[in-house]
Amino acid sequence: MAAVSPLLETRNLSRSFGGLKAVSDVNFTLEVGEIRAVIGPNGAGKTTFVSLVSGRLAPSSGAVLFEGDDITRLPAFKRVRLGIAYTFQITSIYGNLTVAENVALAAHQPGAKSSLEYLERVGLAGRAAQIAGTLAYGHQRLLEVAMGLALRPKLLILDEPTQGLSDSEITNFIELVRTLSKTATVLLIEHNMPVVMELAHRITVLDRGQILAEGAPEDIRANRAVQNAYLGTADA
Amino acid sequence: MFLHLAVIAALFLAQFAASEYIVLMLTRIMVLAIFAIGYNLLFGYTGLLSLGHAMFFATGLYAAALGTTLMGLTVPAAFAFAVLAGLAVSLVMGVITLRASGVAFMIVTLMFSQAAFLTVLYFGEYTRGDEGIVIPDTIRKFAFLGFDVDLANAVLRYNLALAFLGCAIAFSLLIVRSRIGHILIAIRENETRTSMLGYDVQRYKLAAFVMSGTLSAFSGACYALMFAYAGSTLASIQYSIHPLLWTLLGGASTVLGPVLGTGLMFVLVDLASSYTNANLLMIGVVLILLVLFFPKGILGTIRERYWKWLP
Amino acid sequence: MAAAVLALSALGLSLVFGVMRVVNVAHGEFFMLGAMLAWWTAKMVPGGPLAGFMAALVVAPAAVGFLAFLTERLLLRRIKYDPEATIVATIGLLFVIQQLALSLFGADAKPVAAPFTYRIAFPWFGYSGYKLFVVVASVFILVGVWWVLARTRYGLIMRVTQFDRETATAFGIPVNTVYSAVFVAGAALVAVAAVLIVPIQQAHYLMGLDPLLMSFIVVIIGGLGSIKGSVIAALIIGMADGIISVFFSPTLASIIATLAVALVLVVRPQGLFGVTAR
């Protein structure tokens, strides 16, 4: 394994918005099969960081490598084809299309009915014919994940997936991500600390655009700098 | 499918019952409905609102008119030339204008179309501007695959227009039901999402743009050759608004909507013209009422309430 | 001269787009109506061109503003200021106004006498006093609008509304009233521009298209919604138009200008002077 390059690597990755450095010199590595959580206070640059990885934003400087290849200049849709799937923080589904068509589009078989498998995995198979916009919010989040799955990604980026979910939905969700991680590496941006602590193999803490700390969940929990950055909000 | 065949069949039968005047009007409607069908591919299915389709219509119109009168092309060759010209112009325009989106796209297409209109006027020596080119009847008589064709013949012209319209409807159906059709709708519904599913959104938009522009050019060529006339009014902003209006009225993103809308609008203007010649007023009022009360148009509303299967 | 009036009419469009994020395609028709009303007022009001002119300066903006008020209430508000629907609806309005103007006022061009005809004699050329007055008046109005936007409470309210509708509502700003006011103000401005220009350029029912396209050009180059940009762009275009027209035929000049601007919009959608929208 040692000779194999990491799944994802960023080198001095930076992005600024009109003088404000949202992400600054981030060197980040992610190994195959990991569940990695990225946490940090609001405005720490988490979403900007994954947008740079997924190609929704272009970096000001630095490089992104996927399976050892430089993908910095690759547009987002090509990165998706390489195996980087991104699920949106704000639910972004096709509200006027059926649930099945949503997933079929993600599986690149629009119009086909082969999408049931992915819907089963998130527990939405019974709602395939429903118009996606009429789903309950929690179900829309699950559909979003099913679409991510249908892309058969190597790397699945989940941007605050549990936001707005109920406790029972969250419990199911944790199970779901565990099963997912058998086939894909997961990069999870999450606010909900119990979820992070339960799922993540390793945690990366971002603060003001920089990596503040990185390590196993228990190390991060004990890390003073992290506690300070959160000012006690992450005591969970 | 059945419905579409029924519409074609009804139009075929109509020629035996209708007066000469109505046959001429229906011919015109069918030719312009092709324009609207082309427009709908871009506006209805892809969600891109162009305010410049007059430039594609005019491309076909003038390619056919100038091709036959100045370059000595036969009518079939002029059709081919017009389609190629439409393809080329829409490809170039698509590459440029699709860099903009939303309101900027609308304004950019409007301005390019205006530039095209001014170009037609600028080359007034050839295009004869407002007055227009009249294609002599001698050119419109030709032999094709062993048949003698005379485009001045009203019956023949009617059936030719019907055949072309049938092809346009079939083409539109084919696209809408195909993989690319589904992807175009996905782009309309949520462009960012579609791109983040790994689709090359720009390429699909360009494909829709070119199909739409080329079909519009084809309609323009039909217009010039069948009615023997090409004038600058047909290149003006009004002719960019017409297909939008027809599509909106009949129902955007339905295959038959543009056809219905074109027909209905013609009938409305025709009826109104016995009272007043204020057809601009008519267009304006219908546009406003549609936007306010029927944004989905006739067939769109029918689909929503009754026939969910309508393509 | 052309630049001054252009800036004024573009300002109205820019103001509306800046705050409300909608493009009013009927803007040019408001201009045409302003001009028509100026002609009509001048005809109705006795007491010579000056009295007519003064009356028109009141009547035209008031009437056009009222029409704009109705448009905003009955049309734009109902479609919730959806950008695309607004364009389509205002295209409809454009046709309606144009046709009504044709039916009411006829198709012939209508001359209006200038309120005064004093000529200023410079050593090297004579210059119409009225034209100079138009320039001064335009500059005066531009500065006035700028002052309102930059220095007063109303300007602040507008800028907050422009920034974010929801936030503005949360701060207790009556967003609907602001929208009405801005739309009316935009129309009134273009009507004033029309009253000013009509003694120089006759009133005609088709005159709306040119200022509309020119206003598009100015607003686009200036950056949609940026007032400073609009003014600078208007000056450039006004002068460039004069210069290009010297070398090329007016049609060719228009083609070149239109293409150039369309390209600007493609390459820099935020305009040459604009800042990137959020």
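Every chain is named by a letter (A, B and C) in the order it is written, and numbering of its residues begins at 1.
Criterion: a residue touches a chain if its C-beta (ideal position, glycine included) is under 8 Å from a C-beta of that chain, and two chains touch if they have at least 3 such contacts.
Since the structure is predicted, the reported quantities are computational estimates derived from the model, not experimental observations.
Taken pairwise by the contact criterion, the protein chains link up end to end in a single open path, with no chain closing the loop. When C-beta pairs in contact are tallied for each pair of chains, B-C comes out on top.
With centres taken as mean Cα positions, chain B sits 45 Å from chain A.
Between chain A and chain C the centroid-to-centroid distance comes to 48 Å (mean Cα coordinates, whole Å).
Taking each chain's centre as the average of its CA atoms, chain B and chain C sit 33 Å apart. The residues of chain A never reach two or more other chains; the list is empty. On chain A, the positions that touch chain B within their shared complex are 54, 56, 76-78, 80-81, 86, 88, 92-97, 101, 104-106, 108, 110-111, 147, 151. Interface residues of chain C facing chain B in the complex, by the touch rule stated above, are 23, 75, 78-79, 83-85, 87-89, 91-100, 102-103, 209, 213, 216-217, 220, 249, 251-252, 254-255, 258-259, 261-263, 265-267, 269.
In the complex of the two chains, the chain B residues touching chain C come out as 49, 51, 96-97, 99-104, 106-108, 110-112, 114-115, 118-119, 121-122, 237, 241, 244, 248, 278, 280-281, 283-288, 290-292, 295. Residue ranges of chain B in contact with chain A, taken from their complex: 177, 179, 182-183, 185-186, 189-190, 192-201.
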